[in-house]
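Below, subunit A partners subunit B and then partners subunit C, in two separate complexes.
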Partner chain A sequence: MKKTSSALSIPQVLILLAIYILPLMFFGINAAGSGELPYALIYGLYLLTLLFLMFKTGKISKYRRIFFVSMALLFFPAFIHDLIIERGTMLIPQSTVVNNENPFCHIVIPITMIPMILKKMVIFPGRLMGHYTSIYSMLVIWVFMTISLGRGWCSWVCFYGGWDDGCSRISQKTKLHMDNRAPWIRNLPKAMLLFVVLGSLITLTSIYCEWLCPFKLITEFESPTNLRNTVALILMIVLFFGTLIILPILSRRRVNCGLLCPFGAMQGLIGSKIAPFKVKMDKSLCISCGQCEKHCPSFSMGKNIRSSCTLCGECIDLCPTGALDIHLRGKKRIFPKAPAFFKELLQPRNLFILAAFTGGTIISYSFAIHSLKLLVNLF
Partner chain B sequence: MLEPLLLGLSTGPSCMIFCGPVALPLFMSDMKEHRGQGAALLRFLTGRLIGYILAGFILGLTGQLLLNYLSPLVKDRFMLISYMLVGLMMLLRGLAFLPKEKGLCQKARKVMPQKRAELFLGLATGLNLCPPFLAMATRVTQGPVKGMFSFFLFFIGTSIYLVVLMLLPFLKKHKEALQGIGRITMLMMGGYFFFFLGILQLGRWQG
Partner chain C sequence: MIKRLFILILGLVSMVTVPMGFYMSRRYETFFHRALGLQVDPNYSGGTVIAQYYDDFRDDAGAGSLEYPLHQYYEEGTLDLLKYTVYQPLLDAPWSEEPHFWQLSVTMAHFSEHRDDLILRIYLDFMEGGSTSSPAPRQELVRFDQQHPWDLMAEIYAPRGQVYLYDSTGKVVDKIPLYENTEEQRYIIRLPLKGDLEQILDGRITYHAVITGFYDEISAFQPLRREASLRNSGGAADGRTPRIFDMLCIEDNSQQDILSAANPEIPFIPVIPGQIAQPSNSTYLEEIPGPTQQEIQAWENSLQKDDLDPMERGDLLFKLGRNVEALEYFTQLRKEDDNPLILAYLGTLTAQQAADKPVLEAVALVNKSFELFQEALAGNPPPRDRAYILIHRGHVSRHVPNSVFNKAVPGAQDFLGAAEILEPLGQDKSFIKELYLYAAHCYEIAEMEDLKELTLLKAKVIK
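Coming up: the complex of A and B.
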C-alpha cells in the first residue's frame, strides 16, 4: 500500500502558523535585549520558514533537524560570551562553586533527585532561583516540557542534542554498525542512568558533571591544574569528539543521546509514560522493509518502538506505507467525524509539531538572537 | 543500651548512600528468585556483620585511642584502599558476567564467584568509614564485648533498610533487562570506585 501524503494545503498551513505566531511574537519581543530586535525578527522569520516547510511538505525530520542543529550551534556562543562577561573565563573559578553560582543544566536533574529526597540537599553548586539557569527555573521548564512532550524534548527542545543529531546524518553510508537489538545497546542508557545516580550518592557531587559530560568543552570546565582535572579535561575532549561527532558520523546514530545521556534515559522512562504524544506503528500496514529500524538515530526501533523514541519523525518520513505516525493518547485522528479540512489540520502529528516547535522556540529564542548579534558583530 | 540500635535506625538512610551503590548492582546483576535473593542478602549481611563485629572488637579494645590516632589523613588513606578493593571486586564480578570463554573473564569467574562477591562486598561495606559508622565508633568505649554488642545493635538498625532489596524478585517480569542493566552498572561502578575514587586520588596519599 502506498503512503498517503501528509502535506497540508496553504490555508491549513496558514492557520497553524497563525497559532504559532502568538508565542513567537511574545517570546521574540521579550527575549530581545537592546539593539537585538532585528535579530529577533530574522530568527523569527527563519523559524516561520522552517515550520511552513514542515507542514507544507509533510516531511518532519529534515526541517526539524535544521532547526535542532541551529539551536545547538547558536547556544554556545551566547553561553560562553555571558560566562566571559560574568567571570572573565570559561574555566570554573572556585568562587562560583563555593557561592553556588554555576549554571544548572537539565541533564543533572535525575542525579540531584535522590539526594534531595534522602538528604534534603542539592548536590549541584547552582543558584536555587532568580536566574534563567537556576535550579528552580530548570525544574519548572522540565516538568512542563515532560508533561507535554515527553522524550520529544530530545529532538525538539534540548540545546545540546543537535550535535550528534546533525553529525548522524553527515555520512550517507553506515560505516560502523551498531545493532539496535543487541542487549547491551538496549540496556546501556538505563545502566548509565543508574550508575551516575548511584555514583553521585557516594560523593554527594554530580559525577556526570565531573567526569562524563561531553558538553563541558563548549560551556565551562575546571582548569587542568592537577591530575584530577587534567584527566577530566582529557575525558571531556574524548567524549565530545567521540560521542558527539566521530561515532555519530560513522554509525549514523545519536551515540551520546541514544546511549549515554542520563537525562535522555530518564525522559525515556518517565516522559514517555506521561506525555500524550507517541509514535505508533500500524502493523497491518507494515511490510517489514526495515527502513525504520535502519535509520532510527536514537536506537529506539527494534521489534517494537521503544520508550526511548524522541519523536524525531525520521521513521515516519521514511516508511513507504505510512504505517508509522504520531498518535495522541493512542488515537491517530482526534476528530474523525470532522470535515476533511479540519480532520487533516488537527491530526495529532500537526498538534505535536506545533507544541514541540513552540517549546524549542521558547527555549532557544533568547540565546539564538544573542548569538546572532555576536556573530554579526564578529564579522 | 538501645542507643546503637536507635542510632542505626536514624542514620540508616545515610548508610544506604554507600551500601546502595554497591548492593543494588550486585543483586540486580544476578536477579534471583525469592529464596535465592534471601540467601544472597543473608550472605551480604553476614559479611557486613563480620565487619561491624570486627570494628566493635577493635574499638572496644583500644577505646578512644584508635579514634584519636585516626587522623583525617589516615581515615582518608583507609577509605582510598577500601574504595580500590571494592572497585576491584566489582570489576571482577562485572567481568565474570561477560560471555567470553577465556582470558580475564574466565579468571574473574574463578576468583570472584557471585557468592564470594556477596560476602566480601558485604564485609567491605561493613568496614567503610562513612559518617554513621564514625558516629557509632565514637560511642564505643567499654571493652571489646560491649563494643561488639553495640556494633551488633547498630548493624540491626542499619540493616533494616537493606531489606528493600528483597523486593527485587517481584520484578521478575523484567528480569532479563534488570540483569543486563545491573551487569553494566556493576562494571561502571567498579571502574568508578577503582579508578576515580582510588587511583586518581593517590596524589592525596602524601597529605
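Coming up: the complex of A and C.
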C-alpha cells in the first residue's frame, strides 16, 4: 500500500503558522536584548521557514534536524561567551561553587531527584531561585514539558541533543552496526540511569556531572589542577568526541542520547507514560521492510516502538506505507469523519509539531540570537 | 464524540502547556519552593549552619562617635556588620578545591563597590594558650579577653581577594582565597582544616571575635583623627580610641560600653568574643540548668540516710550517675515491686550500657530498653508516673542515632506528651519548658526545622 502524503495545503499551513507566531513573537521580543532585535527577526524568520517547510512537505525529520542541530550549535557560543564575560574563563571558579551559582541543567534532574524527595536536599551547587538556570526554574520547565512532550524533549527541545543527532546523519552508510535488539543496547540506558542515580544517592554527589557528562567540554568544567580533575577532563574529552561525534557518525545512531544520558532514560521511563503524544505503528499497514528499525537514531525501534522514542519523525518519514505516525491518546485522527480540511489540520502530528517546535523555539531563542550577534560581529 | 472532543482539548492543552511552562518557570519558583522546601545540600554550601549571630544595624561608629572619611567613596554601611555565621566543619566536600574546611561568613549592611579600604578580622580561640593582643601591638587598640586568648586570626582584605591567616605570634601562616557573595553582601572564608585547626573536629566550643575598620598600609587599622577629613576617619576622643568601627556584639555586651571603656592605665580594652558551641546548634539546650554543686552534695547526703524510700534511693543513684549501682539496684527492686517507673529507670540504664558496646550488641540493648518502656506504659501507671516514663523514653530516643533507630520524632512526641500530662497537674513551669526544649532538639535531630522552630517558640512563651 502506498503512503498517503502528509503535506498540508497553504491555507492549512498558514493557520498553523498563525498559532505558532504568537509564542514566537512573545518570547522572541522578550529574549532580545539591546541591539538584538534584528537577530531576533532573522532567527524568527528562519524558524518560520523551517516550520513552513515541515508542514508544507509533510516531512518532519529533515527540518526538525536542521532546527535541532542549529539549536545545539548556537547554544555553546552564547553560553561560553557569557561565562567568559562573567568569570573570565570556561573553568568553573571556586567562587561559583562556594556561592552555589552553577547553572542547573535538565540532565541533573534525575541525578538529584531522590535526595530531593527523601531529604529535600539538592546535591548540586546551583542556585535555587531567581535565575533562568536556577533549580526551581528548571524543575518547572521540566514538569510542564514532560506533561506535553514526554521524551519528545530529546528531539525537539534539548540544546545538547543536536550534536549526536546531527552527526548520526553525516555518513550515508552504517560503518559500525549497533544492533537495536541486542539486550545490552536495550538495557544500557536504564542501567546507566540506575548507576548514576544510585551512585549519586550513595555518595551524595552528582557523579554524572563530575565524571560522565560530555557536554562540559562545550560549557564549563573544573580546572585540571589535580589528578582527579585531570582524569575527569580526559574522560570528558573522550566522551565528547566518542559518544557525540565519532560513534554517531560510524553507527548512524545517537549514541549518547540513546544509550548514556540519564535524563533521556528518565524521560523514556516517566515522560513517555505521561505525555499524550506517541509514535504508533499500524501493523496492518506494515510490510516489514525494516526501514524504521534501520534508521531510528535512538535505538527505539525493535519489534515494537520502545518508550525511548524521541518522536523525531525519522521513521514516520521513511515508512513507505504510512504505517507510522504520531498519535494522540491512541488516535491517529481526532475527527476521522470531519471534512478533509479540518481532519488534516487537526491531526495529532500537527498539534505535536506545534507544541514541540514551540518548546524548542522558546528555549533556544535567547541564546540563538545572542550567538548570531556574536558570530556576525566576529566576521 | 465527547471522547474525541476531550482528546482535542488534551492536544490543545499540551500545546499551551509548553509556553506556559517557560512563562511560569520564574513565576512559579516561589510556589514550588513553598511546596517542596528544597535546600542546596550543605556539603555544597559550606556545611550546616551551626550558629548565626546578628549585630545591630547602623552601629558602625565604634563607641558611637566615629565617622567615615568624608569622600563619597567611603559609602555608608561598608563597615557595618550585620550577621556572622559559623558552619559545621566539612570533610571531603564535593566540588571544593579545599576538601576539608571550616566555613565562616560575615554579612555586611552594605557591599560598596569601593570596599578597598575595609579590613575585617575574625579572631578565633579554639585551643589552650594564644594571645590577647593584636598581631602587631596597638593596631586596633584593643586587648582581647584574657579568658579566651586567640589562636588564629583571619584577616579579610577585600581588594586582594585574599584572607591572611595569622597565628598567635603574629606570623602569617597561610593565605587563602576570599569569596564574596555580592547579592547577599557576604564575605565567605573557608579555613583549611589542617594543623591545629583540626582540633575543632572534636566538637569543642570555639570563641570568635569579629571586628571591622579602615585599612592602613602602615598600621593595618587606620589611625583615627578628631575630625574626619576627605581620606581619614574621625571622631576619636584621643589617641587611645579603639580603631574599630563595628564589632560582633552579642548577648549582654554593649559595643558602646566595650569600645568606650578605655582605661587610662591600660590603653587596650577587651573585646569579648561570642561563644559558639560546636558542632550542635542546639544552644537552646544550654538554657536547661544542670545540677549545682550544692544539689549534688545534698543528693550524696540523702543517700546516706537509712530510712530512704526505695524508689528515692534508686533515683538518687541514677541522678548521681552511678549507673552500675543503679542498674543492680533497680533490677533487684523490680523483683520486689511492680512499680512501672522501675522499668523506666531500667530502660534508660539499659540503653546507657549500649554506649561502649559493639554495634550489634548496642542495637540489642537499645531495643531491649524500648521494650522495657513499652512494658512500663502497658502497666497502666498513674498520670504523673506515665509522664516520667515518657520522659525517660524521650531521652533515650534523643540520644540513640536517629539514622539507625528513627526515634527522634517519637522522642519529641514523648516529651510533648509528658508536658501535656504534667502541665494540668501543676508541674513547675521551668520543668515544662525543659520538656519543650528537649522536644525541639528531637525535631532538630530529625531535621524537621519547622517543627523545631515551632516548639522553641512554644518553649519561649512558657514563663
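Going forward, the second predicted complex is superposed on the first by the 379 of 379 C-alpha atoms of A that agree within 3 Å, B and C clash if a C-alpha of one lies under 4 Å from a C-alpha of the other, contacts with A are read in each partner's own complex, and residues count from 1 in each chain.
Following the convention adopted for this analysis, a residue touches a chain if its C-beta (ideal position, glycine included) is under 8 Å from a C-beta of that chain, and two chains touch if they have at least 3 such contacts.
These figures come from a predicted structure and were not determined experimentally.
Once the complexes are laid over each other on subunit A, subunit B and subunit C cannot both fit and instead clash. In the superposition on chain A, no contact is made by A:C158 with either subunit B or subunit C. Applying the stated contact rule after C-alpha superposition, one finds that A:A40 touches neither subunit B nor subunit C.
In the superposition on chain A, A:F277 makes contact with subunit C only, not with subunit B.
Of the two partner chains placed by the overlay, neither subunit B nor subunit C lies in contact with A:L239. Taking subunit A as the reference, the larger set of touched residues comes from C, when subunit B and subunit C are compared.
In the superposed pair of complexes, A:L227 makes contact with subunit B only, with no contact to subunit C.
When the two structures are aligned on the shared chain, A:F124 is found in touch with subunit C, with no touch to subunit B.
Of the two partner chains placed by superposition, only subunit C is touched by A:Y136; subunit B is not.
Contacts of A:A191 after superposition: subunit B is touched, whereas subunit C is not reached. With the shared chain A as the reference for superposition, subunit C clashes with subunit B in the stretch 133-141, and the other listed options (25-33, 133-141 or 187-195) are free of clashes.
Of the residues of subunit A, those at positions 119, 204 touch subunit B in one of the two structures and subunit C in the other. On subunit B, the positions that touch subunit A within their shared complex are 13-14, 16-18, 20-21, 24-25, 176-177, 180-185, 188-189, 192, 196-197, 200-201, 203. Across the interface of their complex, subunit C is touched by residues 19, 23, 26-27, 92, 94-95, 97-100, 115-116, 119-126, 128-130, 132, 134-141, 143-145, 147-149, 204-205, 210, 222, 225, 275-277, 328-329, 331, 334-335, 346, 348, 351-352, 354-356, 358-359, 362-363 of subunit A.
Put simply, subunit C touches subunit A in their complex at residues 4, 7-8, 10-12, 14-15, 17-22, 24-26, 28-30, 32-33, 36-46, 94-97, 177, 179-181, 188, 190, 447. On subunit A, the positions that touch subunit B within their shared complex are 118-119, 183-184, 186-188, 190-192, 194-195, 198-199, 201-204, 207, 211, 226-228, 231.
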